[in-house]
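Chain nomenclature is as follows: A, B, C and D, assigned in order of appearance, with residue numbering initiated at 1 for each chain independently.
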Amino acid sequence: MTNMDATLNSAAVPAPDRALVEALAVANRILYHEGVVDGFGHVSVRHDRSPAHFLLARNMAPALVTPADILTFDLDGQALDAGDRRVYLERFIHAEIYRARTDVVAVVHSHSPSVIPFGVSKTRLQPIYHMSSFMGLDVPVFEIRDSAGSGSNLLVGSPALGAALARVLGDRTVVLMRGHGSVTIGSSVPQVVFRAYYAEMNARLQSEAIKLGAVTYLTAEEAAASAKTNDALVMRPWELWKRKAMKLE
Amino acid sequence: MTNMDATLNSAAVPAPDRALVEALAVANRILYHEGVVDGFGHVSVRHDRSPAHFLLARNMAPALVTPADILTFDLDGQALDAGDRRVYLERFIHAEIYRARTDVVAVVHSHSPSVIPFGVSKTRLQPIYHMSSFMGLDVPVFEIRDSAGSGSNLLVGSPALGAALARVLGDRTVVLMRGHGSVTIGSSVPQVVFRAYYAEMNARLQSEAIKLGAVTYLTAEEAAASAKTNDALVMRPWELWKRKAMKLE
Amino acid sequence: MTNMDATLNSAAVPAPDRALVEALAVANRILYHEGVVDGFGHVSVRHDRSPAHFLLARNMAPALVTPADILTFDLDGQALDAGDRRVYLERFIHAEIYRARTDVVAVVHSHSPSVIPFGVSKTRLQPIYHMSSFMGLDVPVFEIRDSAGSGSNLLVGSPALGAALARVLGDRTVVLMRGHGSVTIGSSVPQVVFRAYYAEMNARLQSEAIKLGAVTYLTAEEAAASAKTNDALVMRPWELWKRKAMKLE
Amino acid sequence: MTNMDATLNSAAVPAPDRALVEALAVANRILYHEGVVDGFGHVSVRHDRSPAHFLLARNMAPALVTPADILTFDLDGQALDAGDRRVYLERFIHAEIYRARTDVVAVVHSHSPSVIPFGVSKTRLQPIYHMSSFMGLDVPVFEIRDSAGSGSNLLVGSPALGAALARVLGDRTVVLMRGHGSVTIGSSVPQVVFRAYYAEMNARLQSEAIKLGAVTYLTAEEAAASAKTNDALVMRPWELWKRKAMKLE
């Protein structure tokens, strides 16, 4: 029995599935190797045996995360087993989305580069192809000034700000954060990685398409039908990305 | 005799040339390493000893395809030797183009990134330099709403949609698919890989050129003359790409 | 005792901290691997035991710098220990900024690609997200024609030009150089590398954002609050970048 | 004595300096690894002991060239020692520039991607920073229709077309070829590689700068002064690029 297991047991939270912890570590590395996160950004998953908890790495670059770096948090954003390890300032993004959205199993927060411009302009991020159909008709933007005024440090560093962000997310799959980044949610670790990757790709392609003239976006019906089809395919890129990310060890 | 051979013999289809199967596996990897496909997309070749059949990988990421993953399909899109292996939902793209175009030997379907914007805007993809002269004067766009209505999942998932796509392709070498990707055809595996790569490059360069002002495109005569010259040169990049793609094993 | 130590002792300048010299060599490599410098560009640090001196590599590509290539300079830009090794033509950038700004501990000069266009147009570089909040409201441009006329070689190749550049920098963190590049300053080697990287990223993202329409930039208050938060986080990407840069040895 | 030496002796042309042949092979690889050439493009050098001859690889992808692939050509574009090896269709680019410009020692022909758009629009390629100051005030465009009509295959496949291209180049360092690529000349192999790389970089940066508004270009005097300074620095990136290109063997 490791220290982590001991700590969790003492808090009456069962240890998470080992395979889930490993998948979360892999997801951290994939997101780096595929250009969604750099030294910043994070991915979490809801605890498989305790829905009021979630798993998230300690404060570190995602590309370097191993299973030993994964901590367990409650929905107030408190780590059960951090010890003297630092935690992410924005763990409340995850905590409050898991609280507000019982259907959500996994969350990515990133500053993926092509998405940032859509968060600071009036142009809405919208799906231009089937790979990003999970975004629906378009993507809302969280303006932190509405909650924290015009002098904040832009971080979602409290439960109140996390809850405000979750309200703008609503029942969507992606929310942009003005002057900061974005959050993507999903029903599994591979799915949320798929979505974070293709949200970034859509932003890049939409930005180019706009320069070519009027754009034909997906209809709501196309987006819904296509998203359903794609949900069965998320393991295909995951296997590829996993092999790449782990080979570079 | 392998299982695959046995299965094919029982269906009275001869085994394909081993070198062709290997070239197709290499093509899958090249298309990934050169940025034409990601976890999605596929490349096929007409069966060398049975023109009413074609070879295509099982449902998987192209970058991971080996000769053992190549299956044989008939022109109705039915696999002869899949066993319990899953097949691509869009195998009908290949089947119906091989049916409609007896001159076609190889087909690539991809979501290559620079091409996508041209499929959702009114700006036509046109060759701006000799490397993409195989595209002729310009490239048609397949609007799936014309065949499947405005609520489809955007995939060419039936023989009827494959046939509709083949009709828009007509006697061209490339067809774009609105909100989805593109299809490139060729008379050999190396040629279709060359074309898929340079269609992507042309899209990227044309997009930049348009921003600089009025563009001088190739004339139909220039395109025809240049394409003929280039057809003799397709093995040059193939040798390079093959070495790169296989070295990363 | 190495030759370098001997030389420095004879000039009555103590040897710098070994860890600082090693960090500076690492910084050179990181800046190359993260796309801030190519064969040109340089990074320096103020001498830890002699504030009137600074450390800077000999004239060579930053990606190849090792601790043995680090020289010690005085604030007139004279190397104490170069021997027959060539020095950078633009060492005066560093010398004059260290002279003018006693708070500055580290300086990067680069031609990072996305920043260059902002130095030759009227569009000001401004922070569009929290990662570049250290830039404040916007970034000044040094027009060398104001100091050297319209026929210079564009290099800051003298103390006078270095002082002119330092005056335009003022109390900012970044200054652009028209037709040339930029300079970023910081209070530590990891911080200046962080800033040089995110100045480049901001330029790339701002350029895209402008094409999408009116941009919401950070307020002065947001920039100040965010910069303060980020200053505590500069070691996170540093650890990642260091591992990458040194692995490629 | 190798076969090549024998052949050259029989034609009364001395064998070239071995180091020059090796540098030319390295240049081929650098140009590929730095994104100037792909499977196509070529670089040549004037024969060091016979100014009426030049050295150029046989018809193959530049990234794969070794010293054994280097052939000797006369100024009519005839190879002395090709044997049964195929030669580049466009060797006349090199031959006619060496004939017309006795000061030229090395020539690169490429389809480097950012330059192509400037060859098909009315926007002139102009130096926006010191690294591309060798281009002077701006860069001419060779319109092959003026020499070969509107139905050519776009290739410079004859002495007459090579001579026409050389006339448009005039006394410049770079000439663009509409719908095709560009040619860069230099006084050494490292210098021509430097120039081909920074012509590509300038195109990429100028394209971005134009989107930001009116651009301040180098004056003729700035370009001349800067180019003179840079000429002394071409070995700095060469050493870096060489190490990278040869490491990937």
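Quick notes
Assume a residue touches a chain if its C-beta (ideal position, glycine included) is under 8 Å from a C-beta of that chain, and two chains touch if they have at least 3 such contacts.
Source: prediction; values computed, not measured.
Minimum number of contact steps separating subunit A from subunit C: 1.
Among the remaining chains, those touching subunit A and also subunit D are B, C. Of all chains, the one whose CA centroid is most distant from that of subunit C is B. Where the sister copies subunit C and subunit D meet, the same residue numbers recur on both sides for under half of the interface positions. Relative orientation of subunit B with respect to subunit D corresponds to a rotation of 90°, obtained by superposing CA atoms and rounded to a multiple of 5. Inter-chain spacing, taken between the CA centroids of subunit A and subunit B, is 33 Å.
Centres computed as Cα averages put subunit B at a distance of 47 Å from subunit C. Each of the following residues of subunit D touches two or more other chains: 211.
In terms of which chains touch, the assembly is arranged as a closed ring, every chain touching its two neighbours and no others. Pairs of chains that satisfy the touch definition comprise A-B, A-C, B-D, C-D.
Interface residues of subunit A facing subunit C in the complex, by the touch rule stated above, are 38-40, 59-61, 63-64, 89, 111, 113-114, 116-123, 150-155, 178-181, 207, 210-211. Those residues of subunit A whose C-beta lies close enough to touch subunit B in the complex are 128-131, 133, 201, 204-206, 208-209, 211-219, 221-222, 224-226, 228-229, 233, 236-241, 243.
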